[in-house]
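Shared between the two complexes below is chain A, which has chain B as its partner in the first and chain C in the second.
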Partner chain A sequence: METIQRNQVKRLGRMTHTFLSKPANLILVVFLVLLTFLTLYPLLVLIFETFTVHSGREARAVGLPRGSYTDYHFKRLLFTLDDGGAMGVTYSNSWIQFYGPLLNTLSVAFTSSAVAILFGGTVAWFITRSNLKYKKFISGVFVFPYIMPSWTLALFWQSFFKNEFIGTGTSNGILASVFGIFMPEWFVYGYFPISIVLGLHYAPFAYILIGGILRNMDANLEEAATVLKTSRMRLLRRITLPIIKPAALSTFLLVFASSISAYSVPVFLGSPVRYYMLSTKMKSLMDTYPGQAYIIAAVMIMFGIVILGINQKVTGSRKSYTTVTGKSSQVSLVDLRKWNRPVAVFLVILMLLIAVLPLITFAAESVIIKAGNYSLSNMTLDFWIGTNLTYLDQGDSTGILLSGKVWKALFYSLALAATCAVVAGTCGMLVGYAVAKKRGTRMANAVNSLAFFPYLMPSLAFGAIYLAMSVRVSWLNGFVLLALIGSVKYLPFASRSGLNAMLQLSGEIEEAGQIVGIPWWKRMTRIIFPIQKSSLLSGYLLPLVSCMRELSLFVLLVPTSNTLLTTMLMQYSEKGWAQFGSAINLLIIIVVLLINYLVNKLTGASIDKGIGG
Partner chain B sequence: MRKLIALMLTLILTLSAISTLATDKALVEEAQKLTHEELVEKAKAEEGTFIVYGNTSRITTALEQFCALYDITGEGNNLKDAEIYTKLEIEIDSNAKGADMVMIQDGASLEFLIENGYLINYLPPSVAANVDAADQNPLVHQFINKVFIYNNQGDDVPAIKNVWELTEEKMKGRVLFKNPESEQVNMNFLVMLTNEEWAARLAEAYEAHFGKPIELGEYKNAGYMWIAQFLSNCVFGSSDTTLAEEISQPTAAGKIGLFVLSKLRSSSVLTENLTVGEYDAQKNAYTIQPFSGFMYPMYALVSSGATRPYTAMLFIDYLMNVDGFQPWGKSVGAYSANSALVPLEGDLGIDIWKNTLVSEDPAYILAAYEDVSTFVTKYVK
Partner chain C sequence: MPEIILTNVTKRFGKFVAVDKLNLNIHSNEFITLLGPSGCGKTTTLRMIAGLETPTEGRIMIDEDVVFDADEGINVPPNKRDVGFLFQNYALWPHMTVKQNIAFGLENLKWPKKDIDERVDELTLMLKIREFLDRYPSELSGGQQQRVAIARTLAPKPRVLFMDEPLSNLDAKLRTDMRSELKRLHKTTDSTFVYVTHDQLEAMTLSTRICIMELGKLMQYAPPLEMYQSPANLFVADFMGNPSMNFIEGKAEKTDKGVCLLSGGVAFAFTPSSVLDAMPEQAVIGIRPEHVLISDEGGCPAKVYSSLPSGLETTIRLSLGEIMLTSVVFGGMDFELDSDVSFNFVPNQAILFDKGSGNALARGSLQLSK
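What follows is the complex of A and B.
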């Protein structure tokens, strides 16, 4: 009896040993445990918080001491539909705090996804399958809206179009004061601009994903149809569109999820006219009735889960990805003829408006003394390099380029971004390797889903959960907390690009190394990494750039708003210190564009490869 | 089962709260007996960066001066009131390094933090005699007033004499006010209007303006009625500084705002276009009926999570005296609780302002907050 048991244990031991001696398995197990702890445990904490009484105002409202169990939050947020009285249900507490914002969020998300796909997809088609002029310029500048922080376009929109007849209605933006054109309120604030701005911000997603499919599409397909005299319209409808359908659907889902969790754009373009979305409501509730804020966070996460599930179903069945083999594919370009010049010029002007005009606007806003006056006499470089600015009684006593506070924030932001990039990038590469090797097994699928999950968790909600966690775990604060949440949040991108990079590699390459007896780490560093260098490095670039321009993820967790450049910017904007705010905004954008450019030039890594085109 | 968990949780929370308390409260009490020199010595002997959270942007200037004077490293942070409350609790609960001293508004929320020991009161001996007993615990550093200020350009200047004028049809969209949902003191002001005294005075003012007694209809009292009609005419801003700037523009003719008087110090505000309503030279007071605005105290307290408590106390002492008050005292609209410090030339003293401004009554606000804030939400939506 004993011998049998001992033998069984020994067998189990040996099986485990063999199992774990394969690096891919070891990685999967480690990440399974790690990711479960970093994504599922926070979820549990979140759910716990939705049933707990927090302090201060909330404790008074519930009438129970802090820490007690209660279902008050649910009742108040979701089921209080009858206290609108004579004004109707849209004045009830639940409508104002939840259902109204929910409706707004869904409508914005649908519209912005549609905008992103239409705009990004169309441009992608023009760039990859036609002989459009100025391709290099358009495709180069097209990713700008994604690299720049999402509020860039929002702030630009607001300061460009605002005028004295809308909003607080007392000062004029550039369009009004220079050209005398006054846009109506629905154009400048609310549903319309939020959808447009988010759509433009995420259009590069669509461009990259759809463009990737179009780029690799075998020209023979279209040529066969042309030989049979199919009209171009039919060709588009019956061949091109069906091919990009999976990518389009995937993009739609991703943009939808991102729009739901967008925070900074609704804050600038929605809150001034009290057009609230789930994200902005959650932030304001966090400071007064945290229990209800956590419920909203849970709802947003549920959306993420549902979308992830749908996305998996849609894209999970792709079969082969190998492209690094040796076949060349022919691409025949559609000749646009007389439409070429007009379309090209139109796109160039559009890109200039979206990518370059905001930068000019911020530069202008950062040098004027009194608002609304854009004449040279009202301009000064004080906000950049001035000293002894205490007469202003705002933010800082020196221009931002001379301010210790700003440089400190800049270095802290860079350090944080670099840490997140290294951690997320490396983990992403490892996860990509392991999942690619063990593709199809349950464990690989589990790790793949878990690794992608943080992306769909709204940044603000994610921040809220980690905030709740940080109270329980004493070493979890400051830089460590920010680096941890940043790494987990950007792991999805890194693991996706890692996975795509690894899937492209045919297995023979590594096997050759194994046969000769090269140890695993040497195979990774000397063979695999160099071959797919630019794809893998893109997994590092994306977290780096995203982290530098990230706000909503960190806004609840920073020790003070002066810690990071982005939180500093938010504080300055909220306080109405327009010039300092615009200057810092410009600084952030320049830094981000610079990093992107440098890494691109030095290593060939780029955002497109990072997203998975 | 969940009762057990809840009990355990409360126990752990209380225990952790108590354990961090014991040292600091007794310490602060002891420190009341120190002389100024002894306090300075102890403060300098402490280590680490001195961290301050303040509701006001000028705290950083005051801190810079303080640090230069005593050769201490300090870091000042300007945060919103609700943020300070949330942050403080989380930091103290999780024993993370946070503020040593806070300058904070919203007396009603403050109650909770003091009751549960998160903030500790310190009354500097040097000013004890000059501060009103009512303002000593918790210690008031200064009073801030938000008054009705209008743009004096153009034909239709809203030089109101009675607050009910703001509820009329013609004022729709011309009244600027910071969204009470993002500024607790604004919400507190609205809550105060529903108490017996102010509701009665509002009813009187209604009769004085419209010539007939007030008909409440569905409203609980005159306070609720004024709030509903006032908010319906308001345009909400997100920051008093921006409001001040915008309303001072020539394009803002005909508009009136209720915002912080001291924002007039900002260089981007065109003060020549603004008038504070409604000055009566004979009485040397502002006489809009029944109130010209409201005021609230800004408190200064030591955090129970302080790693530099003596520095915190020294800083409070500094702030209550002439040098420390200077960043605020040099502009209009800041009134020290230390009666030895005179108000700025051309401004009125706090004792005169107190008569025509609505003040905070923490006890009433605590009791009535839920009802009024739910009511307000419907009109701010």
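What follows is the complex of A and C.
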């Protein structure tokens, strides 16, 4: 009997050894554990926090000591519909703090998704299926709105359109002071501009994803219909649109999830008129009633989970990975004829407005002394390179290019972005390799879903959770904390581009190396990586660029506002130091665009491939 | 020299059984072909022996070493099985030159540089790709790429060489040339070859023994000519030979001479040349087209349904009432459609099969019943 038992153990041991000696299996096991800990454990902490009393104002309001259990937060946030009132006006805490912002969030999310798909999809169609002029310029500049921080457009919108009659009404923007045009409040702040700006920011998603499908679409599909005398409109409706439906749906879900968690745009364009969304509410509640803030975070995460589930269901079973076969079928382009020039010019102007004009605006804002006065006599380079600026009763005493703390923040931001890029990119490549190799198995599906989950967690909520976690874990602070959360947050895209890159590679390429005994690490570095270099490096580029311009993820976790360039910018904006703010904003954008350009030129990696086009 | 033994090897993908209790014994220096239609499990079997796929059950031994045993939990990785594998799509590394592709495996085995260069020279000379050493795979034609792949596989002198449909991507003429090259290669390298193909002509011309599979099961394992002349069952009989064997199906009745088969209004008499034990209810008689002889007179009458002359041989379809028979006539003859001919069956070349099990029961002579 004992021999049988011993043999069983030996057999199990051998099987486990064989199982783990395959790198793909080992990677899946390691990441399953790691990701569960980094995504699910924080979730548990969050839920725990929604039932806990925190110190300060909250403890006093609840009437219980810090750390005790309570359902006060839920009651107050979700179920307080009548707080009594004054002068005939009923005051409802739940409506103000939760349901109102929730409604705003959902309406903005829907609208911005629609804008993104319509705009991005239409431009994608024009670029891939028609003979539009200036294609190179338009497609090159189209990704800019995504590379630039989302608040770039928001700040630009505000600087351009603001005037003294609306909002906080302190000064006139460019349109008001130079052209004398005063836009109404609903145009400059609130639902309309937030939706537009978010839609424009995420339009590149739609462009890349939908454009990807359109580019690979066999022209024969449309030609067959044309031969049967189908009208162009009908062709578009009944053939082209159904084909891009999966990509359009995927984009919708991604943009929807991103919009729900957007923070910086609502802060700049919503808060001045008290138009709150879940994200901005959460931030303000964080300082006063953290328990309720955590509930909002949980609600936002719940949205993310539901969206991930829907996305998996829609795309999971019919995954079509377009492998580059090298046999490209003829693509016949639609001749736009007399519409060509007008459409092309319109798009070029639009792109200039969205991508280039903001930069000019910030440059202008950063050199004027008195706000609202754009004459040359009012301009100075002091905010950039000035010293001993005591005549200003605000800001620092040196221009940003000479300021020690600005350089310090720049290097810290670069170091953080580089670290996150390396960690997220490498992990993404490993996860992509393992999931591709073991696709179809339960473990691979689990790791794939877990790896994508952090993207759907709102950055601010994610930050809040890690903040809660950092209290418990002593070594989790400072650079380590920021690098960790940055890496986890951007792992989804890195693993997606890693997975796409690996799926394009035939398994036989690696097996040919396996058979002659090439060890795994050598196969990765000498065979797999060199072949798919540009796709894999794109998995590094996206975290790099995203981290440099990231605000909401880090804002709760930085030791001081001067740690990162982005938090510095927010601090300056809040203080009303417009010129310094604009200068730093411009600096961030230039750095980000430069990095993107350099990496693209040197390695062929691109944001396109990073998102999965 | 190795002997490969498969014992009860099974591979399941979920509920689907790809390979079903396969027992196979490959002697050293053989050229074995795994033959069968798409989805029969031949590539899966090949990959299992090489170690690229893990069987669900069974035991595999190479040269008295157990390389896989489901019960014992033994699973030796492919690089330790000392085998070579030639992929259907060659799997050449596109970012390495021909020389680097061939040398990569040897560098990994820590061969001294001098030996590596010698071996690369030897192989590229043998395979006539010497002048391409510094080219990249994308700069070579299909046939050249194929030979580079062969060179890469042979470089570390593996004891067994596995090939997964290596000729299927080549054009017809090149395929024929490469077949003779492969046969010569087998002799010069003195290794055991295990070859997968769906082309029965390739299997016939190259192998020492063919292992024919269908739906994961072994149908017959025999030398080519034996398999051709004495197929073990209906599947093998139908699969081998081009044009395919004629099958006459019908209800069988025992007579004092042998068996009488009624099919399509025509009565056939089958006289077995060996003892016929069991009498099937529904029977099938098979006879190859080359054993249906067209004669000028003195045979059974039939009408020519179609005639396809290829120069070397002419394939004729004959209609006999409701029965259709295929005949092959060698030489450049052509026949007029709907003309009358007479034919005879070559004696002792018909095979009686049991329709239910598909098994071959006996060999014998076929005649038309008067």
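FYI, the second predicted complex is superposed on the first by the 596 of 613 C-alpha atoms of A that agree within 3 Å, B and C clash if a C-alpha of one lies under 4 Å from a C-alpha of the other, contacts with A are read in each partner's own complex, and residues count from 1 in each chain.
Note that contacts are C-beta pairs under 8 Å (C-beta built on N, C-alpha and C of every residue); 3 or more make two chains touch, one makes a residue touch a chain.
Only a predicted model underlies this, so the values are computations on that prediction, with no experimental measurement involved.
S.K.: Should the superposition on chain A be reported as showing a clash between chain B and chain C, or a fit?
M.R.: fit
S.K.: So in the superposed three-chain picture, is A:Asp287 touching just chain B, just chain C, both, or none of them (first/second/both/neither)?
M.R.: first
S.K.: On the A-aligned overlay, A:Ile47 touches which partner chain: chain B = first, chain C = second, or both, or neither?
M.R.: A:Ile47 contacts neither chain B nor chain C.
S.K.: Could you work out the angle between chain B and chain C as seen from chain A, using CA centres and rounding to the nearest 10 degrees?
M.R.: Between the chain B and chain C centres, as viewed from chain A, the angle is 160 degrees.
S.K.: Contacts for A:Leu357 in the overlay, against chain B (first) and chain C (second): which applies, first, second, both or neither?
M.R.: neither
S.K.: Look at A:Ile96 in the shared chain and tell me whether it touches chain B only, chain C only, both, or neither; answer first, second, both or neither.
M.R.: A:Ile96 sits against chain B, while chain C stays out of touch.
S.K.: Under the stated touch criterion, which partner chain does A:Ser561 make contact with: chain B (first), chain C (second), both, or neither?
M.R.: The first partner, chain B, only.
S.K.: Touch check for A:Ile527: first (chain B), second (chain C), both, or neither?
M.R.: Once the two structures are laid over each other on A, A:Ile527 reaches chain C alone.
S.K.: Applying the touch criterion given at the start, work out whether A:Leu12 contacts chain B, chain C, both or neither, answering first, second, both or neither.
M.R.: The answer is second: A:Leu12 touches chain C but not chain B.
S.K.: Going by the contact rule set out at the top, does A:Trp577 touch chain B (first), chain C (second), both, or neither?
M.R.: The answer is first: A:Trp577 touches chain B but not chain C.
S.K.: Looking at the superposed set of three chains, what is the minimum CA distance between chain B and chain C in Å?
M.R.: Minimum C-alpha separation, chain B to chain C: 45 Å.
S.K.: I'd like to check the shared interface: which positions of chain A are touched by both chain B and chain C across the two complexes?
M.R.: Correct list for chain A: none, the interfaces share no residue.
S.K.: Provide the residue numbers of chain A that touch chain C in the complex, in ascending order.
M.R.: So the residues of chain A touching chain C come out as 10-15, 18, 21, 506, 508-509, 511-519, 522, 526-527, 530-531.
S.K.: In the complex, go through chain B and note every residue touching chain A.
M.R.: 2-3, 5-6, 9-10, 13, 53, 57-58, 61, 75, 77-80, 82-83, 85-86, 89-90, 93-98, 109, 112-113, 116, 173, 176, 179, 181-182, 218, 235-239, 241-243, 245-247, 249, 251-252, 255, 265-268, 270, 331, 366, 369-370, 374, 377-378, 380-381
S.K.: Help me check something: in the complex, which residues belonging to chain C touch chain A?
M.R.: Residues 50, 52, 71-75, 77-80, 83-85, 87-89, 91-95, 104-105, 108-109, 152, 155-156.
S.K.: Please give the residue numbers of chain A that touch chain B in the complex, ascending.
M.R.: My answer: residues 52, 55-57, 59-61, 65-69, 83-87, 91, 93, 96-97, 100, 164, 167-172, 271-272, 274, 284, 286-288, 290, 369-372, 390-395, 397, 467, 470-472, 474, 477-478, 559-562, 571, 574-577.
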